[in-house]
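By written order: A, B, C, D, E and F. Residues from 1 in each chain.
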Amino acid sequence: MSELAWDEYQRRLREEDAIVFVPVGAVEQHGYHLPLGTDWMMARYMARRVAAKVGGVVAEPIAYGATSQIRTGGGPHRCGTTSLNAETLIALLHDVLVGIGRHGARKIAVIDSHFENRFFLDEACHRAQDTLALRGHEARILKMLYAERINPETMAAVYRGMGDPPGLDLEHGGVLETAMMLYCHPELVDMSRMVDEARPDFPPYDVYPVNPDWVPASGCLSSGRTATREIGELLVEEFVGHVTDAVRSEFR
Amino acid sequence: MSELAWDEYQRRLREEDAIVFVPVGAVEQHGYHLPLGTDWMMARYMARRVAAKVGGVVAEPIAYGATSQIRTGGGPHRCGTTSLNAETLIALLHDVLVGIGRHGARKIAVIDSHFENRFFLDEACHRAQDTLALRGHEARILKMLYAERINPETMAAVYRGMGDPPGLDLEHGGVLETAMMLYCHPELVDMSRMVDEARPDFPPYDVYPVNPDWVPASGCLSSGRTATREIGELLVEEFVGHVTDAVRSEFR
Amino acid sequence: MSELAWDEYQRRLREEDAIVFVPVGAVEQHGYHLPLGTDWMMARYMARRVAAKVGGVVAEPIAYGATSQIRTGGGPHRCGTTSLNAETLIALLHDVLVGIGRHGARKIAVIDSHFENRFFLDEACHRAQDTLALRGHEARILKMLYAERINPETMAAVYRGMGDPPGLDLEHGGVLETAMMLYCHPELVDMSRMVDEARPDFPPYDVYPVNPDWVPASGCLSSGRTATREIGELLVEEFVGHVTDAVRSEFR
Amino acid sequence: MSELAWDEYQRRLREEDAIVFVPVGAVEQHGYHLPLGTDWMMARYMARRVAAKVGGVVAEPIAYGATSQIRTGGGPHRCGTTSLNAETLIALLHDVLVGIGRHGARKIAVIDSHFENRFFLDEACHRAQDTLALRGHEARILKMLYAERINPETMAAVYRGMGDPPGLDLEHGGVLETAMMLYCHPELVDMSRMVDEARPDFPPYDVYPVNPDWVPASGCLSSGRTATREIGELLVEEFVGHVTDAVRSEFR
Amino acid sequence: MSELAWDEYQRRLREEDAIVFVPVGAVEQHGYHLPLGTDWMMARYMARRVAAKVGGVVAEPIAYGATSQIRTGGGPHRCGTTSLNAETLIALLHDVLVGIGRHGARKIAVIDSHFENRFFLDEACHRAQDTLALRGHEARILKMLYAERINPETMAAVYRGMGDPPGLDLEHGGVLETAMMLYCHPELVDMSRMVDEARPDFPPYDVYPVNPDWVPASGCLSSGRTATREIGELLVEEFVGHVTDAVRSEFR
Amino acid sequence: MSELAWDEYQRRLREEDAIVFVPVGAVEQHGYHLPLGTDWMMARYMARRVAAKVGGVVAEPIAYGATSQIRTGGGPHRCGTTSLNAETLIALLHDVLVGIGRHGARKIAVIDSHFENRFFLDEACHRAQDTLALRGHEARILKMLYAERINPETMAAVYRGMGDPPGLDLEHGGVLETAMMLYCHPELVDMSRMVDEARPDFPPYDVYPVNPDWVPASGCLSSGRTATREIGELLVEEFVGHVTDAVRSEFR
C-alpha cells in the first residue's frame, strides 16, 4: 500500500474488491541471535506472501505491539522490548482499520504474530467494525495469528531427534522462530551468538513487579540450536497455506 | 472485605499483613444448564477457599469481564453475555487495586476465571503497581487464572471413558465447568436442560462481525453430559491447591 | 440474572419485557459497627425486593462506587474505602447498560445507594441511552437513589425522642443506615462496637488534600445508637414502595 | 489574571502568596428573564468580590459546566443549555489547576455556582492535587459552591410573604437567582418576560431519554416574581461573607 | 450568547439561521506590557465585530488553549502561561460544538487566535461534525485563525521604517499584537513596561525538557516598540474584513 | 533497532550513549506519481542517514500520522490517506518514547516529515519526558521537522526558471517532494503519471465537512513537473546536514 499511488490503491479497492492486509507484530527481544523486529517482520512476510497469492494489498505494519509478558515473551523489563499500552494499541489498530474501511475496503485481514496482542486486536476489530457500520461502511474484518494452527506432522518434524521438546509455550526465540527467520530473513540471524540455557520453569501465575530471575539471561525460553532453514521452510509454507485458506474461505 | 468493618480490615492489613484477594470473572452464557454468573462465582469460590487457608481477605468480585470471544466463550452476541470494553475493565481493576494498595495492603492476589480477561488484567496489574510505587506504596500483585495448570492424571480422570475428549479449547460449558459447578453451586446447575450437540469446528481465526452460526445453539462448545460432582471435587480441590501454593510461595 | 441460564434470561426479556435492575453502591467505611459493603448490599436488597414485586431481573451489582467525599461519606483516605475514578465508574455503568440494552432489554432500572455516585450515574445513563439509540435499540433507563424521598412522618418516627436530630446530611453510619442494616442484614451489624462521638461541624466547602481531622474517629457522621430493627423496617418498606411506584409508573 | 502581565502575576504568587480563584459555572437556560450565562457570571462575580477582599487573583472562568439535569436545571435538551461531558469538565479543571499550581500558586480556590458540577469538580481537585504533589508542588485547593450555606433568617426574608415557598430544590430561575442577578447584573434581567407557571412536581428519579414534559415551558422551576434587588443584595453579601470566611479560614 | 435568554437564542437559530461564533484563545504570557489574556480577548473581539456585521451570536470564549510552544509563544514553563492538554482542548471544543449543533445551529464559526491551537481545533471540528451528523444534525463548521492572511501592503505599513523586521515567526508580543491591543483594549497595554531585547535565534527544532534560555527575559520574541493604535486599527480592520468575508462566503 | 539483537541494542545505549531516532510520517496521498508512503519513507531515510553519521540507532518508524488537512495535504477524504486520531498519535509516540527511555536511552531524536503532526508530537514528547522523569529516567528528546529550514539559495535553485513558484504552502506532491523521492526512492516515482493542474486557491480557513472541490483531482497542490534527481540531492543533503547539526548540537 505504501508503494502505491492513491488512485491505483483506489482502483484495487473499487474494481478488484481487493483484500487489505494489516500486519501487526511487536518490537521484542528474541535472544542474542534474533533481531528485535522478529515479530513484525514475520507478520509482514506472511501478509506479503498471502497477498501475492490472492491479489491483495499490504498496509504498513503496526510494528509496536502489546506489552510483552514474562512467561510468553520474556517480559517488559528487558532492554529493547518496546511496547504500547493496551489503550494505545487498540486505538491504533482501530484507527487504521477505520481509515481503510471508510475508503471502501470491504475485506480486511489483520495478520498477527505476537501472542500478547490477541485480545487487544479482537477489541480493535470489534470496535472498528462497529464504527464503520454506524457510518454505512460494510467492511468485514478477519483476524488471525498466523501460527495459530500447526499440523502434528509438522511439529513432529520440527522436534525430530529432540528427546525433550519444549512445547509451544516455551517457543519464544526457540526452534520455531529461529527456523522461520533462517528461511525468511537469514541475514538477520546470527546462530553463532546463540547460547544454550536451562529452560525456565514458570509458575502458573504472574507477579507485578515482574521478577527478572524467571527468564534465562538470553531472553529465549528454549533453545533454537536445532533450527534449520528447512524446518523454517516447512513451517512458513504451512502457515502461508493456512492464512491463504482463511482469507479465501471468508472472502470467497 | 464487604462484611468487615473498616477498622477490622485495617487491623488485618497492618497487623497480619493479610493477603487481599480480588476475584475477577464474567457474566457470560454457559449453555442451558449453567448460570450466567458461572465465571465470577467460581472465581469468588476459589478466592474464599484459599483465603480461608492462608488467612486472607476477599474483596468484592469484579463480576463483569472482558468481551466474550466466539471461539472461547461463545461470543458477545448471545443474550446475557454482558461484557466490558477493554479500557473499562483495565481501569476498573486498576482502580480497585490502587484503592486496596494505598490503604496499606502489600500482598494482593487477583484470581481470574475468564480466559478472555488475561491480558487486560496483566495491563491493569502492571499499571496499578506503577501507580502505587510512584506514590510510595509497596504492594506486590499476583495474578492467576485459577485453572491455568491441571495435572495430567486429573485430566485423564475427567475424560475417563470418553472416546473423543474435546480438549481444553472447547471446555466452555463442558465437563469441567459443569462438574465444578455441581460441586460448588449444585443448586444452580440443571442437568436436565443440557443438550448434546455437535462440537463446533472452529477455523483458526476470527471474523468481525461475528458469525453466530459458528457456535452450537446451546452456547456450549462441548457437552457436559459426563460431569459429576466427584469430578468437580477433584478439579476444584486441585485448583485450590495450586492457588494456595502460588500465594504461599510468592507471599511467603 | 447471574443465576439464570442465558435462554431463560432471553425469554424474560423477549416474552415478558422484563425490567432489568442494576444496583450500584460503594465499598466505603460505615463506622465500627457496619460493614464496608453496606451501600452495595442495600442497593442489591432494594433491587431484589422490587424485582420480586414487579417480575424483574436483578443484574450483578456494581459494588465499587465513586470516590467518597469527606463531608458525606467520611472521605477517601479512610482504610477500606475503595472507590473508582469518575471515568471508570461512568464507563463501567455505561458498558453494563449497553450490554443489557443491546440484548433486547427495553426497561432498565439503576438503583443507587451511594450519594456521591449521583452525577456519574446520570452521565452513564445518558450516554448509554445514546449509544443504544444510535444502534437501533430502544431501551429506556430509570435511575433512582432509593432513599431520595422520605415521608416526613417516617423521619419523625426515626428521630423520635432525639432532642437534636442530626439531619440527613450527617446520616452516614447513623440511625438510618444502622436501622436498615438491622432489618436487612442483621448478622453484619455489631451494635456493641458503636461509639458515640461528637458530630462533625463541617464547613460549607472541601479542601484537597483532605483534612482527616474533620471526621470523627469512627468514621460515622452521627450516632446510630437509637437505631432499631423496627425503624429499619419502616424505612426499608417505605423505600421499597417508592422504588416500586417509580418503576411501575415509568414502565407501566 | 487575564488582565495581568505575567511578571506581575508571578510577583503576586511569589511575594504575596496570593490566592488564585477559579470560577466554574455553566451555560444553561434560566427561563425567559435571565441570561444563559447566569451561573458562570455569578461565580465570577463572587470570585472577584472575595478576591478584592483578600487580595487574590481571579483566573478566567470555566464557563461551560456539567450536563444540566432535568430536576435541578431543566435538562440538557433545552436550547441554549450547552454542557460538557463529565470527562471533559474533569480534565478541563484539572489542567487549569495544574497549570496554576505548577507555576507556584499554593492557595487555589475553586468557586462553583452550578449544582451539577459538584462531584466532577471534587474529582478534578483531588486529581490535580495528586498530579501536583507527585511533581513536588504544594498547592492546596479549596472548592466551594458559593451558595451552599444560607442563614435561616435570610431564607425567611427571601420567602417573606409567600404562602408556599418553593424550597431550594426548585430554585432554578426562581427568586434567589433572579434577585442576585438584579443586584449583580441588572442590565441582563428582563422582569417583563417572566411568566408564572405551575411548579413542576418531579418524581424522585430520572429517566433517560429525558421527558421534556416534566419542566415548565419557561424552564424555570419556580417563579422569580417576588425577587427584588434588595433580596439579591442580602443573599449576595451573605455569600460573599461565607466565601471570604472560607478562604481566610483555610488559607490563614 | 451568555447574555441572551434561551428562547431568544432559540429564535435566532431557528428563525434567522444565525451563525454561532466560538472564540478560542489562550492564557499565555505576552511580555511585560501585554496581559495574559491577550489571545482570547482578541479572539472574542474579532468574533463580536464580525457577529455584529453578519447578525450572529457569540458563544462564551474558550479562554484556555493548547500548550504554548517555546518557539512560537515562549513556552509552557513561564509563569502565567496556563494551558490545556491536547485531549482536553479537543474534547472541550468538541463538546461545545456538539452542544451548539444539537440545539439546531447549522452554521458555526470557530475563531482562533492562538497558533498552537491549530490542529487540535481541526480535530475537534472534524469529530464534532461527525458526532452531529451521526445523530441527524446538519451543522457546518468553519474554523479560522483570524490573522491567517495579511495583505503585503499592510505588512509593509506595519514594519515601515524598521530596517530589520522580525517576520511573523517572531511576532509574539511584538508589533502586531501590541498594536492590535492598543486599538482594541488600550487600557490593558502598558507601553512603559516594554523592554527591548535581542531577538531569539531559534534552532529549527524543539527539545524536551524545554530550555528556558532560548527565550528573552520578557517573553516577547520581538519588540513591540513601534506599535501604534493606528497600526492596530489597520490590522484589526483588515482581519475583521477577512473573517467577515469567510463567513459570508461559506454561509451565504 | 529492529535488526539488532537486544543485547547489542543495550550495549549501544549503555556504552555509547547512542542517540535513538524515531521517524514519524504519514500514509497520505501524494498525487498520481508518488506513493502513499512518501512521508514516512522520507522520515526514515533522513533518520538513517543522520544515524549513520552520528552513530545512532533508528527505531521502527511511526508510519501512520495525524489527519491530513485539506489545505496542507489534500484532506482526509481522499482514498488511501489513512490517519490516526489525535489522541492515538499522541499516545503512540508517547508509549514508544517511554519504552525507549525507560531502557536507558538518554538521547532521543524524533524526526518528523508530516506537517500536520507538529503539535501532536510536541504534546507526546512533552508528556513522555514527564512520564520518564517521574520514574527517574533522564532522557532528553529532540523533535524536528526535517525540512523546517531551507536555505534561500536552495529554494532559488529549486524554483529556477519557474515564473510563478508555488511557495512552500502548496508544496504537497510538488517539486520538493518529487525531487527528493527521485533521489531517495526513484523506483517509486512515476513521472509519466504526473498531471499538470491549476493550483488550488485556498481560502484562509477550513470547513467541516471538507469540500473535496478545493483540491485538484490528482491531490497535488502544485506541479512536480520540474523536479529532478539533482534538485532532490540538493534538498536532501541540505536537510541531512540540518538534522545532523541539530542532534550534534543538542546531544554534544
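The criterion applied here is as follows: a residue touches a chain if its C-beta (ideal position, glycine included) is under 8 Å from a C-beta of that chain, and two chains touch if they have at least 3 such contacts.
This one's a predicted model, so the numbers in the text were calculated from it and none came from an experiment.
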{"item": "Higher-contact pair (C-beta pairs counted), E-F versus A-F", "value": "A-F"}
{"item": "Identity of the chain that, by mean CA position, is farthest from chain D", "value": "A"}
{"item": "Contact-pair overlap exceeding half with B-C, pair selected from E-F, D-E or C-D", "value": "D-E"}
{"item": "Distance from chain E to chain A - Cα centre to Cα centre, in angstrom", "value": "47"}
{"item": "CA centroid of chain C to CA centroid of chain F, Å", "value": "54"}
{"item": "Per-residue overlap in chain F, given as positions that touch at least 2 other chains", "value": "85, 87, 134"}
{"item": "Chain D partner contacts - residues on chain E that touch it in the complex", "value": "1-7, 9-10, 13, 27, 29-37, 40-41, 59-61, 63-64, 78-85, 87-88, 91-92, 94-96, 99-100, 103-104, 188, 190, 193, 219"}
{"item": "Complex contact set, residues of chain B against chain A", "value": "66-67, 69, 76, 85-87, 90, 116, 118-120, 122-123, 125-129, 133, 140-145, 148-149, 203-209, 242, 246, 249-250"}
